[in-house]
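Structures follow.
Below are two complexes that have subunit A in common, paired first with subunit B and then with subunit C.
Up next is the complex of A and B:
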């Protein structure tokens, strides 16, 4: 058995509103998402666009919290947010061939007795350069369900730009 | 010619997604560590990977203040071709800034002014290395100890402003010093899902 297995890769050959993985195997210890994304918006945003990750078909942001620290230009930022599931930033179509890059870890995702915790690092080199470290929790009240479904969207409710790609990896214990 | 591990009897399989490509442990000080794609369809051929990961355990021969671990891709030293966003903490404050140079900074590195035998660590992810995108990286690092005023925890992001596939990686120290003996460098290739 491989220690790290690629579960699924999605290449975005056209602009795409979301990436969804369902019926995730519960056989791994941890999951990792590695992605390059850009938002499909026709204009850039002064604060870039955010990548949102939802799990278990719970698309309500009050079910998520996060804390992050990031650098953008000469500005350092650190903050915590209730009702937020953003795990990094990217720009829009005018900035291509820049794409935002992401590594997101989901620890012990199959454990039904823990709240699900994410950590993410992200970088973007386009018009608004940015680098960020984020940690978040899916709590859904006190629900401690194992994760069997994930949904990735651009928080701007627009598309992921064509050319993006993402792979979900499973990490085994041996 | 032997098949790579992910081809069994001529059939593509999804085996280990992380493939160890190369590992270097310096027995003598060295100015540069270079990896070049073998371009032969074997493990060392970068063209088959989605991402690359560089793991470094490093210390330099010159003062820590100038001891950045730096990267060039495809031996490209064109002026201002590597913009980067840096973000780091020194134990009491944080610092963010942007720079553009003819090399990419992956992180800080202990040097001659650091406590003896302290090495820095760095993990650098290079994304979608064979695409037509500009090639971007994320690098996390830690350097030195609390007695070294040039010791940092770092998270750097940068871009090589080229749409070419990555075929060569060169690691150096920013001020052209050497890496000391005992430094270790590992290169991993990250495969995508290859079978439906």
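Up next is the complex of A and C:
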């Protein structure tokens, strides 16, 4: 068995409202998402929109808290938000062919003794550029269940634009 | 040879002040450490530190950081710590059962011509949004060798707490990356 394996890959040949992975194997130590996305709503501006990653069929934003630092090329900012699920930025369809890039780590995702922690690096080079390093924690009550489902959506609640691509990798520890 | 190779993996069954991997194979090109850690320090955070080759003298290391735990990101540099600080991890007063994610790349660790550089990503999570009860930090790590002027290959790596101990269920995975 290879140490790093692709669990799922989605090439977006058409606009797609969400990406959902179910019945994720519990046999890896860590998960990593590598993605390139653009928001797909043509009536949105070229400004920033965010990627949300929900787990275990809990798509309620109050179950998540995030912290991040980001820079826009002229301004740097840090902030933390309760009830927030955002792991970086992209633009919207009027800004194509720009696409945002994301690498998101979910370590020890199958450990039933831990809440789920996310860390993400993201960049976008479009009309409203951005670079961000983001943390997140899933804290629905004391839910420490292994991650077995993931849902990726644009926080703008519109589609992912065709042309995006995402792979979920599993990393073994033996 | 596979590109990713597991050199070591440990999950703590009790507390520990450090994780150490000795006699690291020189057969790979790069090292990658992925860790999920929490300290029992009675505070909202504890320091996380990294060491190489058992070097323990101020001047052997340096780090340059970019971090945020409030609205204002800050950058700093320190060359007086051994092992050297790479950020704050979750402490005992953070959200119960929450752990920090740590990723550290150590490229070209076998070369004997250069000082070693590594880069780390660390997140400190909580449901609180109060200043420094959360944090994100990137660090450029400099290792000038044991004695402060050695370009010897890296054969040992270690992670350390500040004042507390790593708690049970903390995990450490060291990968060797081949070309």
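Everything that follows uses one rule, which is that the second predicted complex is superposed on the first by the 169 of 174 C-alpha atoms of A that agree within 3 Å, B and C clash if a C-alpha of one lies under 4 Å from a C-alpha of the other, contacts with A are read in each partner's own complex, and residues count from 1 in each chain.
Simple rule for what comes next: a residue touches a chain if its C-beta (ideal position, glycine included) is under 8 Å from a C-beta of that chain, and two chains touch if they have at least 3 such contacts.
Predicted, not measured: the structure shown is a model, and the values here were computed from it.
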Contacts of A:99 with subunit B and subunit C, given as first, second, both or neither: first
Contacts of A:117 with subunit B and subunit C, given as first, second, both or neither: second
A:72 touches, of subunit B and subunit C: first, second, both or neither? first
Which superposed partner A:2 touches (first subunit B, second subunit C, both, neither): both
Partner chain in contact with A:36 - subunit B first, subunit C second, else both or neither: first
Shared subunit A surface residues [contacts with subunit B and with subunit C]: 2-4, 69, 71, 76, 78, 121, 133
Interfacial residue positions of subunit C with respect to subunit A in the complex: 2-6, 9, 11, 34-36, 66-73, 95-103, 121, 123-129, 134-136, 138, 168-169, 171, 173, 175
In the complex, subunit A residues that touch subunit B: 2-9, 34, 36, 69-76, 78, 96-101, 103, 121-125, 129-133, 163, 165, 167, 169
In the complex, subunit B residues that touch subunit A: 14-18, 50-51, 83-87, 94-98, 125, 127-128, 131-134, 136-138, 140, 155-159, 163, 190-194
Contact set on subunit A toward subunit C in their complex: 2-4, 29-30, 65, 67-69, 71, 76-82, 105, 107-108, 111, 113-115, 117-119, 121, 133-137, 139, 142, 144, 171-174
